[in-house]
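Let me begin by presenting the structure, written as structure tokens, before commenting on it.
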């Protein structure tokens, strides 16, 4: 049987539902020797801003039970360097490149998207888990008005699919997803990291220089699955499931919960070949279970 | 040196900061053979409602990476049976008993508290992670008005300390803590479990009959520490830290982050003697580090 | 009780099946159908203990038979001679046996790793010279638990492929040996318990007790997660397998 | 590169210190200061790999020396002969050695487990017949890493309690052997690197390269977590220890 693993994310057709999660796959090139990048559904690169950002003081990462916490501080090369230095190197692969973007205010987001419109970027993924400097550091993540304004602005300047990456640090992720859908988002991805704190008892200081960090990895998988499933009951645009996916089974669980595609994050650090392995694994699963298309599995959770 | 481990939770003096977390220590009696109950700061019993509740269909619990998820469905004997059958059996211990209470509407909460006022219950802990039936199943957890009304009602009928147990499934736990303080809460405890989902890929069904469950254990410790620390910067009433505490170091981390006392939950399932071990461990830590009183450690996180 | 033992042996005895013997410090007093809750890992993954029925408890030795299912049992299978194993127990009630009643036929049925708990019972009855009929079933001979030990107890086997004993299910053997006033004790997968229940519920002179399994959080009665419904379909209460069980009168269980 | 090896031995050599030898399938080509990133657990706790410098890489063998610090190194210390160990590497750059320059004095300093990486360097220099002065320091003799192997390389030791070699710090030995135009290579705890820097920064004819450690997420340049500031205090960029490092010119590092 020839199984069909392609998925359609708001017009962007991926050969399979396996994407990389932003910030865990560098600019893709770091993984060339571990995985055939052509095997992936899409490559989502490290978050990009208008200007280069130096990032936080180290220590930037710490391990927690079945997870890690990071506060990289969105270190990045800036949109110009991304377009001129990084993107060309990914041209030789057939895999679409999705730019994860962020800004310190609504305008910042729109400008990055605008600049990316004239590049080979297949889609943008908007990281709203950032403080809005103009609003005194309030998170965009729970600010419906800001998101609506941003979406409208971005849709005007960026002509390909716009994905909004939702934050789990809110009591109403379903409503936030709804706001995205209502304002023209082509898909949502979830979840970003959970706010966490790790302490060194000996020094009575945080283990991470930035104090708080973002929790990811297997520890958060149940939270991510719950949010993906809840959001899938609320909206109709495709959902990209993220959070603690370590293997094929985990990836398929997200799809059963309601995701059309998945992103693999922390697992890349444990096994840099894992994305390719999961892409193959999904194909085998369909084969073994006589399922013609991965889309038949999306949202099949029963109760 | 004679170190001082006593803590004051809104007027209730505990011999040490180690409490049990509701729902993980039964009615205390199940642990008699594993730990000297007199060693504990306080015993918080399983959530109690006005009337007995049968609870959810099994399977009610499942393991997740470095955690567990449960949906017991607040099975309980009801406040009358608690007072007449359970409470008398704990009389022989000097340890205060705190009743964790819940209701399906504001009135339900107040009535349970009122009934408990004429019992040997040392304090009540209000579990607001419950759906408000009258408000169409909306969670109390993020409903400031409902909490204010409830607090005012309870303070009128219950004359000893009132602790509010906060839910992490909200984007604004600091604000919720503030509402509690403003409305007369004597302390807050946090965190309750995170909403999660666990799926069996073979059957494509949730592992828990109730579909969603509450995530606890080491996996959530970083999230709990972050929330305890943030809330400690916002309010002045004592904070009871909860979430993934497995040993003395974990407990002390919560105290450094800003907690006056801690509750041990899931760890009781792994080692039913753990509460006594941690109580001893805290004493030794103070001894070994020449700290006179545990209160000197509260909120000493530096950065 | 918190307890610990040292591995005497931990050997493979069949398809994914292991037999573990622990040496404990004091004589270990336990009853058939009781279980111990074993710490299989020394990290927080897997976090929970794993419950296993006691296969036998003689003097200062305690035996388990188990099947490798997932991470927890895999880790258990890696324990080597001399390794310390931390466990809690014995926990739970036991099969109600009326030793004064010398005439009712006692039929003991084990399916899968449920064989552990019924082995303990049969062995105790043999010691007290009470006669019984013992049946064990599995898909095939390689999945039969502790074949040698069961043979010593005069066990009748049933395998689906006929590779040992009767071809078919334990119920096929049961039907042949069932008598009025019989008392049946069983432990095994739910479909087996249900099949036996269907046979016995038509005969009100037959009693049927089974040891149940449930997903456990604490194993000591504290978390109320291991419950099964006891009563009748629309009027039941949830009882804890680890505390009020593991053995229940099957006529009272809603399955 | 994804790689794996089989444990040849994994023996205790001092206080919490171990020497692990892995047999790998192909000749393992590595350079001094490079590291491998080892999977220590087969559950998700600990989740991340653990980085270790290569102590030596001869033919189809690869040696590490490590100290048990926490859960990850404890698990590593439990690996037994024949166990498979999955690792990634070699990763990172190497100490810049100008083999054409035959006169500058080469001084190599190891502190704590940083000794692993400098051992590899000294051994390579010895093979290419280039002279060097090797120094290793520790609190006491029991914390000296691979004493035998270092003695073979003519190492000068410094211990704080004088239980081996000079009483004092590696810098006390360094001061005695330091010459103009010397090139120093070091790996060890940050205070040691800082102390050496303080000595060398006054002498602009002396070069000082050190292999740095940092908390690593991926070990392959993807997560940007292992960074150190390179440049001057108010105008630096963060560089990745796992990719641009582990070796940096210390005069360019903001420490």
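Per-chain numbering from 1; labels A, B, C and D assigned in written order.
Note that in this section a contact is a pair of C-beta atoms (placed from the backbone, for glycine too) under 8 Å apart; a residue touches a chain by one contact, two chains touch by 3 or more.
Please read all numbers here as calculations on a predicted model, not as lab measurements.
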Intersection of contact partners for chain A and chain C: B, D
Farthest chain relative to chain B (centres taken as mean CA coordinates): D
Cα-centroid distance, chain B relative to chain C, in whole angstrom: 36
Whole-Å gap between the CA centroids of chain A and chain B: 34
CA centroid of chain B to CA centroid of chain D, Å: 47
Multi-partner residues of chain A (at least 2 other chains): 65-67, 217-218
Residues of chain D engaged with two or more neighbouring chains: 44-46
Arrangement of touching chains [line / ring / star / complete / other]: complete
Residue numbers on chain C that touch chain A, as the complex places them: 44-45
Residues on chain C engaged by chain D in the complex (per definition of touch): 41, 43-46, 71
Residues of chain B touching chain D in the complex: 65-66
Contacting residues of chain B [partner chain C, same complex]: 23-26, 30-31, 33-34, 46, 54-55, 58-63, 65-68, 70, 72, 75, 217-218, 246, 266, 268-273
Complex interface listing, chain A residues touching chain B: 64-67, 69, 139, 141-142, 169-172, 194-199, 201, 204-206, 211-213, 215, 217-223, 225-226, 229, 244, 249, 252-253, 256-257, 300-303
